[in-house]
Every structure is written in C-alpha cells, then in structure tokens.
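Next up, some structures in structure tokens.
Okay, so chain A shows up in both of these, paired with chain B first and chain C after.
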Partner chain A sequence: MIIYSIIRNELTQQIRDKVIVSLGLLILLLLTVSVVSGINYYSEMADQHHQAEELARVQWENQGAKNPHSAAHYGTFAFKPVTAMSVFDPGVDRYTGVSIFLEGHRQNFAAYSLAEDKEASRRFAELTPAFIFAYLFPLFIILAGYRSVVGEKENGMYRYLKSQGVSTGQLIAGKTMGLWAVILLIYLPFLLIGCLFLLLTDSLGSNLTGFSLMVAVWLVYFGVIAHITIIVSTLAKSSGSSMVILLSVWIISTLLVPRLITNIASGIYPVPDTTQFYQAVRTDLLEGIDGHNPYSEHSVAFRDSVLTAHGVDDVADLPFNFRGMMLQEGEEFEKRIYDHHFAKIDEIHRSQIRLFSFSSILSPSIAARMTSMAAAGTDMHSFNHFSRKAEAYRIELMRELNLDLKIHAVGERAAGYAVGGEFFAQNLSFTYERPDQVFIDSSKIPPLIILLFWFGASAGILSVVARKEEVL
Partner chain B sequence: MMIHIFDFEWRHIRTSGAFWGTAIILPLLIGFSLYLGSNRTTQHVETINELLATETAFYDDMRSQLEAIERGDAEVDAWFQNPANPLVLGQFGEAGRHIFLHPKPLAPLAAGQLDILPYYGKVTLTGLEPLRDNALENPFMQVSGSFDFAFVLVWLVPLFIIVMGYNVISSERERGTYSLLQSQPISIRAILFQKMIIRFLLVNGIIILSLIVWSVMFGIDLFNIQGLQLIVAISLYTSFWFALCVLFNLFQTSSAMNAVGLTGLWVFFLLIIPSVISLIVTSLHPVPSRALWITEQRTIQQAVQAEGDDLFDSWIVEHPEEFVEGDTPQFYNTWMRRFVWAQTVAEREHEAERQFEEPRKRQAQLASRLRVLSPPMTLQAWLERKAGTDTERLRSLEGEMRAFQQEWQEFFLPRFRRLEFLRSDELIHIPVSHKN
Partner chain C sequence: MLKAEQLVKRFEDTVAVNRLDLEVKAGEIYCLLGPNGAGKTTTVHLFMGFLKPDSGTVKVGGIDVFENQLEARRRLSYIPEQLALYPNLTGHENLEFFSSLGSDPQGKKALELLLKEAGLQESAIHRKVSGYSKGMRQKVGIAIALAKNSKALILDEPTSGLDPEASNEFARLLTGLSKKGVAILMTTHDLFRARETGTRIGIMREGVLKREFKAEDVKHEELENVYLNQMRLSE
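Here is the complex of A and B:
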C-alpha cells in the first residue's frame, strides 16, 4: 500500500513537472515524426527496388540472341530487400550496397550504399526510433529520475517519510516503479504507432516476432538506465552530482565506448584493402582452371582427363560441348577461391563485431543496439544472408547457362551457337525472401546475455543499495 | 582584484575533480584521435605513392621496350602488346593514370566522409573508375563513425566545459557563500566572468597544448596559418559553450537545473537539430535509390548497343577526316566503334546522373544554410573542409577525373584515329595529372 502511494505520488509529481511533460511529449512527437517519415521513405524505396527488380529481369530476358556464356558476362543484378522493420532500426542498412552485380567468373560485393547519396548532417543524427531510444530516451529517464531519492533527502522529505514508517526499501521500490510507469507512459503509445505502421504496410504478420523482440530489448535497456538512475540518485550527495554522474554514464555508454571500440576493433582486426584482396584472389586463381584459357597447364590436364574418360582423342569427338564443361569447371573453381577469400573477410568482420559485442560489458547501449538491429533484420548477419542467397543464385544461373552450352552447342551447332529471349525467359529468377524467424545466431547471444546481465545486475545492486541505506 | 580572484579560483579549481578529470582525460582523447588520424593519413599517402610508383614503372617499362624495338633489339609479338600502340598506352591493363585528392595538411584532424566516398580513381580512355580501397570495411563500423579530433572537439569538449562551468555561481548559492560574495567590493557578474575566464583559459590551454604536443609527435604540421585558424575556431567554439554556462549561472537556478539545461542545449545542438535538418533535407529533396540507377545504366548501354552501327556511321559522317578507311587492322575498326559507343554511353549516363546530382546538390545547399542553427554542425563542416574530407571535395574527384580523361583522350585518340603509333621520345609527353 505504501509502495503504491509512493508510485502514485511519483507519477503525479512527474506529470506536474512541466520540463518532464514537455520532454516526454517532444520524444513522442519525434517518435511519431520518425515513423511517419519512415513510412514515406519505406514505401518509396520498396517501390523503387521492386521496379528495379522487374526491369532487371526484363533486361535479362531481352538481352538479344547471344552465346549463353556471353550472357554470363552480361550478368544481372540482385537487389537488397527493403524491410519495413528498417523504419524502426535501419542498422547497417544505409551503409551496405543496394545491389550485387551477378556475373560469370567472379563474385562482386554490393555497390552503391544509400549513405553515399545522403547529406553529411545525417552522420550527426538520423531521426529513427532506434536513435531516439538509444540516445534521447535514456536522457529523458535520467532527467525524470536523477532527483528521485536525493531530492527527497535535500528537501527533508526523506526523514519525514522515515518517521512515518516508510522504509528505504519501500521508498526506492516505489521510486523505481514510478520511473517505470513514466517510461511506459511514453513507450506504450510508440508500441501502438509501431503496430499501426506494420498493419498499414501489411507486414505485421511477418515482423511480429522481430518487432516484439525489439520492443522487449529496448524496454530492458530502459530498465537498466532506470535502475542506474535510482542507484545514483540514492548514493549521490546532491542532485547536482547525481545529474553529472548520470550524464557521464550516458556519455561513456552511448558516445565514447561505441566509437572507441569500433576504431580499436578496426585496428586489431584490420581488413585488407581491395587491391590486396583482388591480388590474393588473382594469385589463387592461377592455380586452377581458367575457363577462357584452354592452353593453361590446369586446363590442358583437365581436357586430357576428360578425353581419357571418354576414350577419344579430340574434344570435337566428345558427345557434348567441351567448352561448356570447362567453363562450368572453371566457374566452380573460381567460386571456391572467391568463397575462401570472402570467408576470410567475413571472419575479420565477425571478430570485429565479437569484440564490439563484448564491449557491451562497458556499455548497455551497445548491447541494446546490436540486439535491436538483429531483431529488425538490419544487421550484418541479415545482409550476409542476402549476399549468400544472391551468390547461390549466381552459381545456379551460371550452371544453367554453361549446361545449355555443354548440351546443345554440339556438332554443327557449335559454331556461332546462340540462345534467344525464350531461353532467357526460362532462366531462374532471383527473389529474395527474408526468413520469417528473427535472425538470432550465436553471434547475437553475447550482447543479448550481456544486456540481460546489465538488467539483472542493476536490479541486484539497486536492492543491495536499498538494504544498505536502510541500515544507515 | 582580478589577480586575487584568479589566484583564489586557481586554488579552488586545483582541488576539483572535474578539473583533473578534464586535464587528464581530454589530452588522452585528443592524443588517441590524432594517432588514429595520422595513421589514416599515412596510409593514404602510402597508397598514393605506391600507385604513382606503379604508374611510373609501367611507362618506364613501355619506353624501354619501345626503344628496344626501335633499335631492332626486340620484336612486337601482337598488336595488344605493342608499346607504341595508343591503346596499349592509354587503355589496356595497367595503362592509365590515377587521379588523387591528396591529403591536406590538416587531414588527420577529421575523417569526414572518407569512409564512404573515394579519394582516388583511375582514368583510361573509356574508363572513369573511382576506387575505394576500403570497400571491404565492415559497414557495422561505419555506423558508429570515426573517432577523430573533430569528434572530440565538437561532441566531447562541450561536455567537459559544462562539467567545469555549470555550477560556478549556483554552487556558491547552495553552499551558502553567495552572500559572502555579495559583500565583496566587486559585482557578482564580474566575479562570474572572471571565474569563467580562468576556466576558459584552462580548458583552451589543455586543448591547444595537447593538440600541439601530439601533433608534433605524430608529424602533423600546425605551425602555419591553418593551425592559427584552427586555434581561433577552437577558441570561438569553447567561448560559445562557456557563454552558455555564464548565461545559466546568471539565472537564479540550482546547479542541477543548470546541468539539465546545459545538457539539454547540448542535445538540442548536437542531436535534435541535426536529425531534424537531415529529415527536412531528405524529405524535401529525396534522392532516388541507386537500384534505379543501376537498371537505367543498363538501359542506356542496351540502347547504345542496339543503335551500334547507326551511331558509328553517323559519327563517321560528322568526322570523315578522323577515320582511316581502307585496309586497316581489325582492332582499329573494333576500337573505333567502341570509342564512339563509350562516348555516347558516357554522355547519356552523365545526363541520367542528374536525377541524383540535382537533389543531392539541393540537399547540400539547404543543409549548409540550416547548419548555422547549430554551432557544432558549423564547426564540424569547417573542420572537414579544412581537412579536405568533406563531401564537396570528395565529390569533386569525379569532375577532376572527367577533366583529366578529356586531356588523356585528346592526347591518344587523335593518334589512334589516324592509326599513328607513338615513338619512344613522345612518351614523355603523355599527360600527367597536375594534381599529382
């Protein structure tokens, strides 16, 4: 009953505080604006990507009569999907390329990131719900709670409450729950706005798990900030020092540690530059079959083995087109080399992200941001999933083209063999379907566990502080 | 009196944790940011030197091969290996020139947009390829941004100033020493200003001294007019934040409220205004997705391919004196066509690029006008300009490459069109980018 009175009193105080109300409304306004502007952005981008996808297919089918292998060089594109969840948390979306060029013999990396075309002021801050939750909401919580206990001590109310039989534990529990109530007052309308957005974009069903996880993650993060705020407010000597300590925690957690760690991670796990990368790929490619060079040592050995297996002396006597076979053999060899080198880059990226995720021990903000990105499907794991699917499609398409050459360009048809629109229309097409389940792999577990640890530890410390204060 | 206040205040500050925190942490942060910045710049210089050395080695090799052929010591195996062929010297393999945006003296101070936009590219007769040696970087790392001096100065220094100055007078009031101050033969305002001046001098001294010491250690040249401009900019920026502290101390508010108000302004200038500006510029002048650009490029290429022979025929009609008819090598006919097509594709792509270029320019213009609302944004933009890592400069690379390509084409194409091969003594006249 006492706790309930404290909660009610705390809530009334906060609602009567013009600064808190104004800031709360400002945050709600910013959240609404960010989602509304996100709707326009999302629908425009989704529409443009859809158009591009359709056009790329039309271009593929109407490329004109040509040898299937010329079509492999002509290539096609895979376009990164635009997800509704990116409106809440764009994650790395702006920084990864929008499309991958799929062609014979090589794997390309995604080109043209949105960041390249965006104005530089966005690097200060970009109005998205994730930005508001990571940066502004904690400040709001700090502002609403920095005085909660120390303020009562300063104005003499603390001793009065004690004399009325209110224990410190009850006071702290009431203050904490009061702060939670204030948080929920702002957060719940956002949930409604978010659900409405997903309903309007017809994507609630496919994103329900992701959205729920994201919502839960941010709520846990706010809980951590609320607990730290009450702990500091209980231990601080004055409301001024409480404010300064809490602001320092905020600066270290949201500004300093993320930037420091990303730069340290890049230093510890350096990524080779593109020139070095392609040089290494070229060197390895020399060790295998070059589909375009029938005279290379490896190509000759392969040809001889095929001739022996079929018991003929000349490739012209083979029951299939040898060039088609060799191109496919070369393609598979090249794929292995590219896969090997891209896997190394991927491993470096993973190491960097691992270090970054462990640094969330120093910053709950990192843990929340990483898990939120994963839930929104806008983290590196989701992007890599798309890249892998695009690569799997590329190799299948190349196989289809080379197989046609191998089977049909035989005998008299071999010279000047060409296929037309009908053949290209039957080729596999690429449609990327994001899996419905939330992307949670083993690399996402540490930040999630660390965030829960932060929550548990902050709640634990809060109860210890409450007990200690009781004794004092 | 002033000296007395300074002396007293210095004794007071010496015992303050906020001061020692600033005096220890700020130089370390500045040092680390300059260390990263100088590493980044050194890497760029190394890349540039390596590429220039490769270019020089290629053309030296071509000249010595050509000299050997002219002396009769060597023979040409195939047309695409002939070092006298303009295609071999201007188009194939390692031929061509790299155009660089060289790091400016203050480049280590701000990473700017270097992680997104390229600072060099390669030009050949038909190729115009901006190169990104960091294309494999983890996009996740780009989200957080670079830890550079600009970040320390623009984002963190104001927070140190707020910590140093939020309670200069309010704490006197809270400690009960305010009335003592009022009894002094000097006004409270004068005391406040002098207290702030000593803090301003201390903070500026810490920043400038650590900047100079670390710069000397990392080989960043600050002893010039730009260094002086930087010091003036730092002083103006810190003055702005100290002025806000003075303003808050003039109100009869508590230390906590001062801290809240000052932090609120920090959030307003560094987070709210930029995010609103970003929202306004992107909503008013949206840039279409590059997904459309990719397919549009292909449409242009396909159209040019379809018009192929007609385009070439009309070019010949317009330039009859630039085409050698008769019994010419196969590569001549092939490449004459390719050059006409490539030029048509480039012109049409340049035209289509406007749908991105125009809104991007309008975004930049509007953002630069709105930026004055936020001193941190203004300073950031100024630092990036001084460091040469701002969007405008990095975007100028393409224009420079285009201009140089014209020079390159003017040297090689007329020779190729007349089927004239080069002599070894002509190789020294091959254009070199003046910027290099």
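Here is the complex of A and C:
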C-alpha cells in the first residue's frame, strides 16, 4: 500500500511538472513523426522493390535469343526485400545495399545502399523509433528522475516521509516504479501505433516474435536507465551533481563507448577494400580452371581427364558439349575461391560483431541496439543470410544455363546454339524468404544476455543502495 | 509516551546531547528551550530515529526507536521547522497522500474535515500548496498528525516565522491535541508561547537539560531570567 501510494504520488508529480510533460509530449511527437515517415519510406521502398524485381525478371525473360552462357554474362539481380519491422529499426539496411548483381564467374557485393541517397527525405528517415529509444528516451528518463530521491532529501521530504513510517526501501521502490510508470505512459502509445501498423500491413503475425522482442528489449533498456537514474539520485549529494553524473553516464554510454568500440573493431579487424578483395580473388583464380580459356594449364589437364574417362581423343567426339561442362567446372572452382574470400569477410564481420557484443558489458545502449536490430531482422546477420541465399540462387541459375549448353549444344547444334524467351521464362526465379528473424544466429544471444545482466545488476545495486541508506 | 534515558550523542569532539533523561507523558506539552546549539534539534532527531545515539535509549510508547524504528515512527507524528509538502499538490492531496502511507487511510470527506479542524481555510483546501504561507503549511502538518491518529507529536520550532495570530492559533491546536491525550514535545525559542502552551518546560544548554519547570509554577520573568542566564553562559 505504501509503495503504491508513492508510485501514484510520483506519477501525479511528474504529470503536473510542465517541463516533464513538455518533454514527454515532444518525445511522443518525435516517435509519431518517426513512425509515420518510416511507414512512408517503407511503402515507397516496398513498391520500388516490387517494381525492380518485376522489371529484372521481365528483362531476363526478354533478353532475346542468345547462347545460355551469354545470358550468364547478361546477368540479373537479387533484391533484398524491405521488412515492415525496418520502420522501427532500419539497422544496417541502409548501409549494406539493397540489391546484388548476379552474373557468371563472379560473386558481387550488394550495391545501392540507401545511405548513398542524398535526398533530404531519405536523411529525414534516419529519425527512427530505434534512434529515439537509444539516444533521446534515456535523456527523458534522466530528466524525469534525477531529482527523484536527492530532491526529497534537499527539501526535507525524505526525513518527513521516514517520520511517517516509510522505509528507504519502500521509498526507493516507489520512486523506481513511479519512473517506470512515466516511461510506460509514453511507451504504450508507441506500442499501440506499432501494432496497428503491423496489423494494417498484414504483417503482425509474421513479425509477432520480433516485435514483441523489440518492445521488451527497449523496455528492459529503459529499466536499466531508470535504475541507474534512481541509484545516482539516491547517492548524489545534490540535484546538480546527480544531473551532471547522469548526463556523463549518458554521454559515455550512448555516444562515447559505441564510437570507441567501432574504431577499435575496425582497427583490430580491418575489412579489405573492394579493390584489395578482387585482387586477392583474381590471384587465386589463376590457380584453377578458367571456363573461357581452353588453353590454360588447368583447362588442358581437365580436358585430358574428361577425354580419357570417355575413351575419346577429341572433345567433338564427346556425347555432350564440353564447353558447357568446362564452364560449369570453372563456375564451381570460382565459387570455391569466392566463397573462401567472402568467408574471410564474413569472419571479419563476425569478429567485429563479437567484439561489439561483448563491449555491451560497458554500455547497455550497445546491447539494446544490437538486439533491437536482430529483432527487426535488419542486422548484419540478416543481411548475410540474404547474400547467401542470393549466391545459392546464382549458382543454381548458372548450373541451369551451363547444363542446357552441355546437353543441347551438341553436334551440329553446337555452332551458334541459342535459347530464347521460352527457355528464360522457365529458369529459376529468386524468391527470398526471411527466416525467423529472432533465432538466425546464436551470436545474437550474448547482447541479449548482457542486457538482461545490466537489468539484473542495476536492480541488485539499487536494492543494495536502498539497504545501505536504510542504515543511518 | 516519549522517553529518553541517559541519552548521549557526539559529533566528533562535540557532545551534542549529554546523558539526557526526558519523559513526556500522555496529554503533556513539553517545551524544550535553549540557545542555538544547545542540542534541542539533535534531541528531536534522536527521538525520530534520524540519528543513532552513542549510548542511552529512546522509546516511543514503550518501543525502542532503534530496535523497531518503523513501528516507533508509526506511533509518532513529526512537524519540522520547515514542513516539506509537495508544492504541485493541493493541501487536501498532500494530506491524502500522507494519510495513505498509514495503516488507516481516510476518505476524502474525512480528510477535508481534518484540514478544517486543523484551522485551514476552506478556500485553501483544494489550492496548490506552492501558494501556502508557513502557517498554512503547519496546519496541513497538524492535519497529517491528526489523520495519523498518533499518540505522540514532536515539533521542531514550529512557530518560528509565524505571525502572532498564526502562532496563537497554532498553540490552540496543540492544546486541543494534548487534551485528547497526545504527548507533545516541542522545541522553541518562544518563551512566551512555551509558558502559555506548555505543561512543562525544559531548558537545555550544551547538550544538558539544565532546568525543568512546570509551566503553571513559573512566572514569565523568572523563566526569562533563567533562559537569558543560560544564553549568557553559552556565549
């Protein structure tokens, strides 16, 4: 009953504080603007994605009659679909690129990142709910709570409350839960808007786990900030010092540590630039079969082994098109080389992410942001999942083309062999199914555990502080 | 109801309260006088459990303040010199909040009656406390004490800064409470008010209770002489 009274009183105090109400309304306004602009952006991108995907397929099917291998060089695109959850947290989506060009002999990086877009409306879209939750909401919590306990000490209320039979534990518990109530007052409307948007876009079902996790993650993060705020407010000598300490914590936790860790991560695990990457690939490719060069040492050796296996002296005597076979052999060799080099890049990214994950022990903000991105399916793991699927599709498409060449371009048909629209229409098309965004990779677990650890530890410290304060 | 036995409190080299024996019985108003630094507020804080004594005991209704602090505080009301109230709340809302902290929270109408009983003007009851005078705040404090229905009340210089009329009204309220059997311990510099309101008067200097009088047995001049004498000795 006492704690309930303190919570109610705290909530009333905050609601009657014009500064807090103004800040709360400002946060709500920003959240609304960010969601609305995110929805517009999402709709626009989803439309563009749909149109681009259709156009790429139409172009593929209408590329005209040509040799299947020429079609391999003509290439096509794989487009990463935008997810409804990116409205709340676009994560790394705007930096990783939205499409991959798929062609024979070569794995390409994703291109056309949204960050390259210079339109003002695009830059405005950076005001996302995740940004507000990570940077601005903690400031609001600090401003709402920095005087919470120390203010009561300064105006004599602390002793007066104690004289009424209120224990320090009850006071601190009430103050903490009162701050929670204020947080919920602003957070709940966002929750409703979010659910409504997912319902209207018919994506609530597929995103229920992710959205629930994201909502819980930010709530836990706010809880950590609320606990730290009350701890500092209890231990500080004055409201002024409480404010200074909490703002320092905010600067270090949300601005300094993430920036520092990013620099350290790219220093320890540098990602090679595109030129270096393709140079290293080219060097390794010289060691294998070049599907376009029948006179290279590796090509000649492969041809001889095939001729021996079939007991003939000339490729023209083979029951299939040798060039189609050699192109596929070369493709598989090139894939191994590219896979090897892309795996290195993946490992560098994984190492960076691992460092980032564990650095969240220094900053709950990092843990919250990483888990939020994972929940939204907009983190690096999700992008890598898409890249792997696009590459698997490329290999299958190339196999389809090379197989047709191998089987049908035989004998008299070999010279000037070509396929047309009917053939291309039957080729595989790329459809990307997003996995359950929450459990793609076990590497997502550490930041979540660390965030829960922050919550538990801050609650634990709060109760120790309350007990310590109880003793005179 | 309020009892201190051989109470000692030191702050580094200074003995703020020195072997104090003090008892306030039900229905008594005990006025504790003394110059600044005499140990009056320290005594109050020891009774409230805000400070821990170096030796001796403090009891409220037979309950040791340091063995069962919360229970002792529940039997006790306290009005400090500067009563802390929530400025954004009305007098009624403040009373409602403090009343809800007790074991027997009262309804809105009952609380309104308590505020009226404490002398708060009807027009002020639902006004924000930020616009209250000190006298009005003290009345809310009295109403909080009334709502708590405690058997003991401790006041730390409650009339300092009040105009004579407000001070007079406040004294009447205290007398009313004592008649209901409440034991009241009040520190003050106001000799006149102490003699008019108090049942007993104690004069402290350098942490020691130097003199004790029954208010009815001492004349104002005599009380003034003793008090001024103690003031001079402390200088």
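Convention: the second predicted complex is superposed on the first by the 461 of 472 C-alpha atoms of A that agree within 3 Å, B and C clash if a C-alpha of one lies under 4 Å from a C-alpha of the other, contacts with A are read in each partner's own complex, and residues count from 1 in each chain.
Just so it is clear, contacts are C-beta pairs under 8 Å (C-beta built on N, C-alpha and C of every residue); 3 or more make two chains touch, one makes a residue touch a chain.
Since the model is a prediction, treat every value here as computed from it, not as a measurement.
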Chain B and chain C placed together on chain A: clash or fit? fit
Three-chain overlay: angle at chain A's Cα centre between chain B and chain C, nearest 10 degrees, stands at 100
- Using the superposition on chain A described above, determine whether A:Gln13 touches chain B (first), chain C (second), both, or neither. second
- Message: I'd like to know which partner A:Lys162 touches here: chain B for first, chain C for second, both or neither.
- Response: second
Looking at the overlay, what does A:Ile2 touch: chain B (first), chain C (second), both, or neither? second
**Request:** For A:Leu143, select first, second, both or neither according to whether it touches chain B, chain C, the two together, or no partner.
**Result:** first
The chain contacting more residues of chain A, comparing chain B with chain C, is B
The superposition places the nearest Cα atoms of chain B and chain C at a distance, in Å, of 16
Where chain B and chain C land on the same part of chain A: residues none
As the complex stands, chain B meets chain A at residues 18, 32, 36, 47, 112-113, 116-117, 131-147, 151, 155-156, 159, 163, 166-167, 170-171, 174, 254-256, 259-260, 263, 267, 270-272, 274-279, 281-283, 286-295, 298-299, 302, 305, 356, 360, 363-364, 367, 371, 376-377, 380-381, 384, 390-391
Residue set of chain C touching chain A in the complex reads 48-52, 70, 73-74, 76-78, 80, 82-84, 86, 88-89, 93, 97-98, 100-102, 105, 144, 148
Chain A contacts chain B in the complex at 19, 30, 33-34, 37, 40-41, 44-45, 48-49, 51-53, 55-56, 59, 62-64, 77, 79, 91-92, 95-96, 98-99, 101, 109, 111-127, 131, 135-136, 139, 143, 146-147, 238-240, 242-244, 247, 251, 255-256, 258-263, 265-267, 271-275, 277, 345, 348-349, 352-353, 356, 379-380, 383
So, in the complex, the side of chain A touching chain C is made of residues 1-2, 5, 8-9, 12-13, 16-17, 152, 155-157, 159-167, 472
